[in-house]
Each structure stands twice: as structure tokens, then as C-alpha cells.
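Letters are used for the chains, namely A, B, C and D, taken in the order the chains are written, and counting of residues starts over at 1 for each.
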Amino acid sequence: MVVVMQVGANESQIESVIAALNDHGFDVHRSSGSERTVLGAVGVHPEFDPRHIELLDGVSDVHRVSEPYKFASRAWKSEPTEAKVGDVIIGGNELVVMAGPCSVESEEQIHSSAAAVAKAGATILRGGSFKPRSSPYAFQGLGENGLIMMREAADAHGLKVVTEMMEPAQADVIGQYADMIQIGARNMQNYPLLRVAGQTGLPVLLKRGLSATIKEWLMSAEYILAENNPNVVLCERGIRTFEPYTRNTLDLSAVPVIKSRSHLPIIVDPSHGTGLRNKVMPMARAGVAAGADGLMIEVHPDPDVALSDGPQSLFFDQFDELMSQVRDIAKAVGRTMPSRTD
Amino acid sequence: MVVVMQVGANESQIESVIAALNDHGFDVHRSSGSERTVLGAVGVHPEFDPRHIELLDGVSDVHRVSEPYKFASRAWKSEPTEAKVGDVIIGGNELVVMAGPCSVESEEQIHSSAAAVAKAGATILRGGSFKPRSSPYAFQGLGENGLIMMREAADAHGLKVVTEMMEPAQADVIGQYADMIQIGARNMQNYPLLRVAGQTGLPVLLKRGLSATIKEWLMSAEYILAENNPNVVLCERGIRTFEPYTRNTLDLSAVPVIKSRSHLPIIVDPSHGTGLRNKVMPMARAGVAAGADGLMIEVHPDPDVALSDGPQSLFFDQFDELMSQVRDIAKAVGRTMPSRTD
Amino acid sequence: MVVVMQVGANESQIESVIAALNDHGFDVHRSSGSERTVLGAVGVHPEFDPRHIELLDGVSDVHRVSEPYKFASRAWKSEPTEAKVGDVIIGGNELVVMAGPCSVESEEQIHSSAAAVAKAGATILRGGSFKPRSSPYAFQGLGENGLIMMREAADAHGLKVVTEMMEPAQADVIGQYADMIQIGARNMQNYPLLRVAGQTGLPVLLKRGLSATIKEWLMSAEYILAENNPNVVLCERGIRTFEPYTRNTLDLSAVPVIKSRSHLPIIVDPSHGTGLRNKVMPMARAGVAAGADGLMIEVHPDPDVALSDGPQSLFFDQFDELMSQVRDIAKAVGRTMPSRTD
Amino acid sequence: MVVVMQVGANESQIESVIAALNDHGFDVHRSSGSERTVLGAVGVHPEFDPRHIELLDGVSDVHRVSEPYKFASRAWKSEPTEAKVGDVIIGGNELVVMAGPCSVESEEQIHSSAAAVAKAGATILRGGSFKPRSSPYAFQGLGENGLIMMREAADAHGLKVVTEMMEPAQADVIGQYADMIQIGARNMQNYPLLRVAGQTGLPVLLKRGLSATIKEWLMSAEYILAENNPNVVLCERGIRTFEPYTRNTLDLSAVPVIKSRSHLPIIVDPSHGTGLRNKVMPMARAGVAAGADGLMIEVHPDPDVALSDGPQSLFFDQFDELMSQVRDIAKAVGRTMPSRTD
């Protein structure tokens, strides 16, 4: 921690700050320049709240030196993590595409979706059975029945299953059917949920909160990693800004930032990131060009009658076209993609 | 819902949109101006996703006409709600102050806090026993023991108790000790938690999420109200913006906006809203001047050793001074405050 | 400047960073903790771009130690500045209210406005004659004719005049008629304009840009102060956030922040800050309660026909009522207000 | 314009609103649903301020129907504009890269930069001679001398010149040496400057303001287009958000949005958009993958000693590598690039 004293801070103020730092267990290095004094506080106190010092007389600013996350940092693990979802590896050279409907709605819907996305080269089936809806009156998902349908559809087409967990009580039932647990953007700082997700031992897809800084996102990953669960995959899905022409602002610069700060894999979700079908393709291409390890894409056999998020879901033939475009981009950046299965 | 066609949209596009609206069950009124056509879609479909229409050929923009919340709106209930926390009424002419430490840390700490805040005129004791911390390694609260201590301290000084619930499984134990349940900012869209809070029948203090629009905040209130629990109190506690000199940006204009859009009471939390003790007093005064129904303030017998949020906690004598300032402001805006009890 | 090395940075990386800092003219103090090394770089280089060091191998983060502004800082001048607009003093114990129409539209309009605001206790007449409009097709102001009308109206009622300058070429004509130059939010970083404003020697009202941090705002003040013009008054008028229910988010916490970082006076403009008449009163009260040195308020004899910003302009009787409310709040925070003049 | 009445608005309120709309010259279509009444106001009043109606009793919300911009819209011109900078065409199938140093610093610097970028396939030389700096004490550019150097360097290597204009008084001197005028982000709403830029007849590169919505950006383009200057090119360069790990958040979704709302070409500036050299390459690739018509890239012969923005400038060999990567991405999205010239 670095404490910058005000220009003109007097000796007694400086000594009080040093004493306070010592009281909190820090060793202090003092540098007095011609204009002001700077104190370096050394010692490992990841939980110390720097505002304690910021409030003392004569202090101008306090800067944290260490990142508050540990297991999520590159400093802890310099090799990129390859998260394993069964035999699907996320974070290797091969890009991974997770695709499927926003919500599981019926056997027919999820089976046809699974067939379509598997054929085009996706390896993980996405679909929600417990849905976080901003309105209490909206469709809330099919619950366990939806999970059963999704498992069968995935198995029939050689896919893995990722689905969202909304509360700790759902861990058991989801663990029975899914290969990967998704934590949604609204729950990124739902700490009891993060702990339980970590404890399941299943790989976890952690979406970035709407207004979460990258540091906070990595802190939430830390909650899962701290349960000895190393298989965490981050998912950028758009942040909230002042721009109304898009639903969210997909922050693709998060991809290179995560790559330099953390060893965790990161994928991009342009469906939620833009909110409109005709923006999904360019932003999916851009995500791969920026270096993402994969994509999460919403598709639906008939988006116009989807019970949720139809307008951002692709038609099957659009998904097919998207996969072909993404394959070209992947090649241009030196990555591979699973081949089509038809 | 209003559908604005593009300038130059042709007749066949317009008819397709009308047909789609009819398919979705809307009655359509068509207005063709010299420049473009506007379609009014009438019918009650609060859950309809307007993006279905936004994507059709020839459509420029779609505007929702009705608010997605119902019970939270002024249209539903024009009289201001007076929420009852025991015999304390929030939303009447008398301002209500909730005060206490960020976390319950010990019997002595919570008892001295209760004594100090009661003396100065607060009527509800705040304190966390289950703490949402961004780091998994930080102090997580005393759990049920903390609740017991808080209940005793409150009873000893004639105060009510408000405390945060972090997951549905805590509802029973919190219900045993608290008079009001707090939903924290990070959980504003934790829908299972909102439902359970509503079902307890206890009054609920709903903090605004860091990046929640006022509309989303009212939608979350709707989750509680939809459980037949009318005692919802909103709490503005700062939103996330680009400004780094304050921890959050306290959005006081939310106070008059809520007053015009909703019948629910609203209080202001300048402690989290600013994050630094020396900003709490001016912003508490400003909150009352803007028309808030009360305040939530963090105090601590010895903020320098507080286990959480010490730097934004007031010393007892500062709280005393604040209450005296707020009393003057309250008077200036025609509101009353409970008297001091010493 | 403080340079935080990565955990695991090796000796050769550390030495390269030290060498680079020396090359840039810094003295370096090295602190090697058990976990990582921190380098304090001492020396006055206000213009050094810390990203030069941020990019070196082994560097984790770089923190600036000194504020980039000098004359605007409390460190430079600890006494609060009292800006003089003729005999009106801004930043003393007496609050100053600037009021008038958004645009000068006619002699009658500006005279009746001047009469009304003077009567209620305002001491400075506001009004635009060169208008920055987001549309090239909107009313652009009356130019010099408007300035003449405003001057006459102000003189007839004992008021000073503040008006906006949009480009350097307007300095002469505005200097002929106005007592104070306003720099609008959109021009906060129009540096040639700031320089010219400073060179006029007239007091300058500097509005905060829509997305300006407080640091950037003070840097823009520095441009004016650096021209030996000490009479700078800051004006908070709302920042851009994600919230659509208000036009801008009035950031009242800027008031205490400015008071601690700078010696410059600060006033609040709730008219632009909220954009709607019925939000102006509560936010004006809140601004004074937060410690502002004054207010800027838009009024109009007939807001429904105003050529610009009518919806956020108060009727004369509303302004009268507002002044009476503000007078009560001022008293509660120990400030005075000029008396009514009728 | 669409006026949504409150649920429960009474007949007299509805009639008053209709009367007010008629007074303002609108024709009104009334739709009364079971729950509420919606009024469609037809008539071309692009400058009408909808807040006039929003404030009337019984009104819930008012939505604008028409975009406030005209010449910038797809509705006005459905064919994509190909802007001409001499014989360089921006907005055709071939991507255009503008590259060069942040500031012109010396003959040697600008000549070597011109040589390097021309060789790699750039066709326009960028460089600032009048610099907008947030500090009054920072390097402000070489003025006309810099323009002369840049012109010579460009001519020597077959490049066009783009450079920033900061105030109307610079139009003549810039017009003498440059092929394209850049309006910087901080001046996006400097309307006198936009008008003058339009009047020069030179093509204009209009950067998006830090907190400008896409609608406001197009309104600023309208100022230039309204001067009968059709050669406007938009440049996305990052918006301001809450994320501190990047300097700005590059909003690549602006690319497909602009493509659907406007006919104007759009390029991407990942140098300012990210602020750090190692983020420039992935985001440049992403910009092209998203569909941009070109890139603006900062390069410098020796970034470590650059007088401005060195840390976001590429070394020559990095630029070379970037061009090769971008060429691959361009091919993947069906676009061409000028060949290398060595």
C-alpha cells in the first residue's frame, strides 16, 4: 500500500500516519521528496481497508499495491488454465462454442436445437431451466423437467450441458443433469451461490455482472477457486453504459485484459451483449478476433415464438452461417474450431 | 406499445408488422403521417418483448407504453405507503433514522451503538450478521450469534432491528430476531431471495443495485409486493459511475423520481453512497432536503478498528451532530423527527 | 509516482525499470517486501505519462502521486477563494443565486425575468445569447442584440450578468456586456476557449462536462487560472449515467469533494441537472444542504413558449417559492441569503 | 411523437393534452385502450421539445418518433457513402488505414513514420500539430511548422494527410496542408468548430465524444452535412465507463449500429480506445471483424520518447505485424486491403 501525503503535510501528521500503519501491522518505508512525502507500507494484509488511512490528517491519497484476488491472478499461476467440461477443453487452442435456446421450452425445441448446433460444430448445449426474470410475471422456466429434456437432447447429439443455477438449493438437481454450472450476470456477487457452485466440483461459467469491474469479476472467481474448484471460465456479456441503441455494451477489451491479468479462460456472449439478432454475428466475429477462447450463442428453432429472448436468438441457418464466419476468423488468429458433424 | 416505421417503409412492410402484432394479440391503430407511419398496439401484455417487433423489416423503433411494474406504481395506488416496522412508521411526516454498525462485532459494540443512536433519535438499529464481502477471505459476520446480540441491544434501548438477508436459507433465523429484512444492493436482482423476503411477511428494505435503473428497482420491489407484502421501503445508496473520487455516486434525484412514479417510501444511505465519513454529513443533509423519508447511517464506537466499513462509519459524537443538523433541515422542509431520548 | 512490480518479477526486470525511471529524471526509492517490490519515483514531472512505465516487463501497476493540477488545488491555496463578480462575492458565507431564462428571446422577456429574479433575491442574471444546440436546425440565440437586452435588463434591476461564450471570437463582444463568462458543459475541454476566457480577466463560471471526472474539471479550471485569472467558479450540472428517468444525474457529492480538494467556489445547477421543472426544487434544496455556494436556476415568464429548455424553467411564482425554501435550508446550514428586494 | 397518458388520467386531462398538442401544431390520433390512452402526435417538428408535454397533468411518458438527424440517416440516403480523401475512398470494399504519430515532433520523426506506414499499406498519414491536452503545461504541438513537415512527409510517400483542428481560426492554415480534417472527441459538440469544418469542403473525420450517444454523434455529423459537405467519416475511439483497467471502453457494437442507422462510413481507433500498446492489436482485429471500414493507428519510431501518447503507440515492426493480422481478418470478412508498397 502506498500512502501519498499532502503537499505541506507536517512532520507530526506524517508520524501519526506511520504510527497508524505500524499499529495495523505494516512495515513502512518513507520517501520524502522536495514536494511531498510518500510512505510505502509493506506487509501482506489483503483485507485491510485503505480508507482507514485515507481519512487521517495530512493524507492525500492511498493506493493499494496488491490485487485483492490471489488464485485468479497470473502471479499465482502463469500458465493458462484449460478448463475441462468432460472431454471438452476450454482455454486451449481450439475454440469452444456453447449454443442453444435461452430457455428450455419443450422436448422438440431442445432436441432440434441440439441437433442444429451440434451439426454446425458447437460442443456444449446451453439452455435455462431456472430463469432469472426481471418481472415476477414472466416465464420462470421448466425446472427439473427442463433439465431432463436438456440432458437427453445433449446426449443424443454428443454435447455437454451448461445451465444456470439461481440459488444454492438448486445445486443438487442441477448437479444431477448438467456438466457445467452457469452463474448469471445478476448473481455475480451472490456469494453464497458462488461458494455452493464451487463446492459442486463442476466447472463453472461465471458471467460478468452488468456493472462489475474486471477486478470485482476476478474476486467473484476467487470465491469459486477458493473452494478448490479450478475449472472456472469467465464470460463477457456486456456492461451497462449510457448508450441506449444497444441493450448492453459488449466490452471486448476485457478479453486482452483478462488474458494479461489472469490465467482463466474467457468466452464472449454476443447474444446478451447486444440484445438484437442482427448485431450478434459481427460481435461474435469480433470476440474471436479479440482473442476469446469461445462463444456462447442463443439459437432457437422459431425465435418469434420463443418464451424468452427470442429477438436475440439466431435462426438455425443464421447460426450455421455464423459458425462458418467464425471459422474463418479463428483461422486468421491461429485458432482451430471443431469441424461440422454432418 | 408504439411501433414507429422507418421513413420509406412500404405498404407490405407495414402490413406485415400489423399482422405480427395481431398474431401476438394486440389491437392496432394506424397513423400514417406525411413522413412515416406509426402503429399503436393496444392490449395488456406486460411480458411481451418489444424486440420481436423491432426486428421486423421497415421498423425504426418500438416504445413500451406501460411500465412493467404494477403494484409498485402510483397508478395502482395513489396514496403514499406508510410502511410499518412495529410501531415505527416509514413514509409519514416523521423522518426515520436507522443507524448502527456495518457489522455486529461484539455485545459491547452493539450495545454501545444502540445506546448512542437511540439517544440521538434513531428508532431502528442496523447491523449485519451475514455479510456480503467482495473477498472470500474477509470477515463474513457472526451469524445467529450476531442476531441475538442485536435483538438484545435493540430491546434494551427501545429500537427496532433491520438486518441483511443474503440467501433464502437465512429467512427463518432472521425472522426470529429482526423486525425488518434488508436486501443488499448486490442482491437487488436475486429473485429467489426477493420472493422469500416477501413471503416472510416482514417489512423489507430494498437497496438499489449499483447499476440498477429506477425501473428495474421498482421491478424488484414488485417481486416482494407480488407476495402480498406491502411493507417495502426503498433505499438509495449510490450508483456506479465513472467518477473515482467517491466510492459511488449518490443519486439523490432518485428521491423525487420515486415520489412521482411510486407510492413506496424511500430513504437514503449516505454511508455507502459516498464511502467516506467526511462526505456522510453533507449528503445526509442533502438527502433530507431532497425529500427522503429517512436515513440509514453507519456508526461505530471505534471506527478505526471496525471489522468492516470503518472509514465510512461515524463516531458517536459525529452522529449526534449529524442528527442535530438533520433536524434543522427536516424542519425547513416541513418534516418532523423523533426527539432525543436523553 | 509509485511503481508496483508483479509478484515474481525478477531482479533484471526491476533493474530495468529503475534504469528507465532514472532516464526519465526520477530519483528512485526501492522497497522490496516478502511478496513484491515497490518503487517510489520522486521528482517533479507533472507531465510524465505513467503508461511509459506501465508497459515495461514485470510491472503490475503504476500510480500517480501528485495531482496534475496545481493552482486549482487546496495544496496551493488553503483559504477558500471568494470570486468577485462586481460587488457580488461567490464563495463567502452568503449564497449567490444566478437566475434567468435559458435564452434571451426579447426585451420584454428578459426585463420581466430580471425584475422577477431580483425581487426574489437573485443577484446575477443568467441568459444565453450564443446557444450551443445539439441540432443545427434549432434556435441559436440572438447574438449581440441579446447581450444588449440582457445588460439593460440587469442594470435596470441591479443585477450582474453571466452569459455563455462558445468560441474565442466571441470574447470581445461578450466582454463588452457581461460581468461573468460561462463555459458550458460541452466546452469544458475546449482548451483554446478556456485560455481566451482566462485572458479576458472576467470571472469565469466553469460548468462540469457531462462525463468529466472531478480531476479533469479541475484541470480545465487550471487552464483559466494559469492565465492569471483567479476568479473561477465551478458549477455542477449533472453527469451522464445509465439512468433514463432523469436527463442527467446531479452529482451533489461533487460539492464536498471539491471543498476538500480545491479552494474554488462551487454552485449547483439543478435545472440542467434534472431537466424537468418538478425536480428542480428538491434538488436545489439538496444542493444548498450539501454545502454549495450558490445556485443557477432557469426561470421564464412563460415556459410553455420558451424557445429553449422551457420544460426545465420555473414559473416566476415557483422561483419565488423556491427562494423561500432555499432561504430556510441556508439558515439550517449556517449560510445567509440576500433579502428580497420588494 | 407518442404521448402515453397515465392509467387513470381523466377525460379533462386528456383533452388538455390534445389541445396543447394542437397549439404546438400537431395533428393528434387518439387510441384509448382498456387501461390507458395513447396519443399519436403527427407533424414534422424536429425541434419540438417533448418535455413540454411530459410535464402536463396526467401524462406518463412521451416518446420521440423521428430521429432528430436527417442527412445523416439511412432514411435520407440508403446507399452507403463513400467518402473521398483525394483518391482514397473510405466506405468501399477496401479497408483504409490511417497511421502515424500522435503528434508531429520533428522532420525525421514524421518522415520515418510516413515511410513505415506507407510500406505496410496505410494510405493516410495521421499526426497532430495542434494538440488538445488536458494540462496547460503539456506539449501543445508544433503548429504550422508541424503541418508543413507532415505534408512533405506524406507527399514523399504517396500518402494523404489527416490532422486535428481545435478552433475555427485554424481552418485556413489546416486547409492549406491537410487532405482531411479531424474533429477530436473533446470537440464533438463544439458546434462553431463543426460548422467551420463543414464549410472548408474538406472531408471530415468526426471522432465520437467520450460520453456521446450514437444519436448525439450523428447529430454532430448533421452539423457538417448541413453545410453541404457530404464527406463525413465517423471514428469510434472508446467511451467512458466505470472500468478502470482500460483507459476507455472501445464500443465496437457502434459499428453495426451505425451501419444500420446511417449511410456514413465508420472506422475504429483502438489506440485511444484502449490506451495501451498491447491492447491495440486485438482490438484492431476485432474492429475489422465487426465490420469497420478502416482503422486509425498511432505509431512512433521511438514510442518511449514520444512527446504524447507514446504508451499507446506501436513500434514500426508491431505495426507491420498488425497490418498482416488485419489483412487476414479483412479477407475473412470479404474486404480487401491495399498491398504493401515495398
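In this section, contacts are C-beta pairs under 8 Å (C-beta built on N, C-alpha and C of every residue); 3 or more make two chains touch, one makes a residue touch a chain.
Predicted model, so just to flag it, every value in this text is computed and none were measured.
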Inset, instruction - Using the touch rule from the top, work out which pair, A-D or B-D, shares more C-beta pairs. - result: A-D
Inset, instruction - Quick one: point me to the chain whose Cα centre is farthest from that of chain D. - result: B
Legend entry - Cα-centroid distance, chain A relative to chain B, in whole angstrom: 26
Inset, instruction - Go ahead and note the Å separation of the Cα centroids belonging to chain B and chain D. - result: 38
Inset, instruction - Would you mind pulling out the distance in Å between where the CA atoms of chain A average out and where those of chain D do? - result: 30
Inset, instruction - Give me the residues of chain C that touch two or more other chains. - result: 211, 240-242, 244, 278
Legend entry - Residue ranges of chain B touching chain C (in the complex, touch as defined): 211, 213-215, 239, 241-246, 249-257, 260-261, 273-274, 278-279, 282-283, 285-291, 325, 328-329, 331-333
Legend entry - In the complex with chain A, residue positions of chain B that touch it: 20, 46-47, 49, 51-52, 54-55, 68-69, 132-139, 166-169, 186-187, 189-193, 195, 209-211, 216, 219-220, 222-223, 226, 240, 275-278, 304, 308-312
Legend entry - Residues of chain B defined as touching chain D within the complex: 2, 4, 6-8, 27, 29, 31, 33-36, 38, 40, 42-44, 60-61, 63, 65-67, 73-76, 78, 240-242, 244
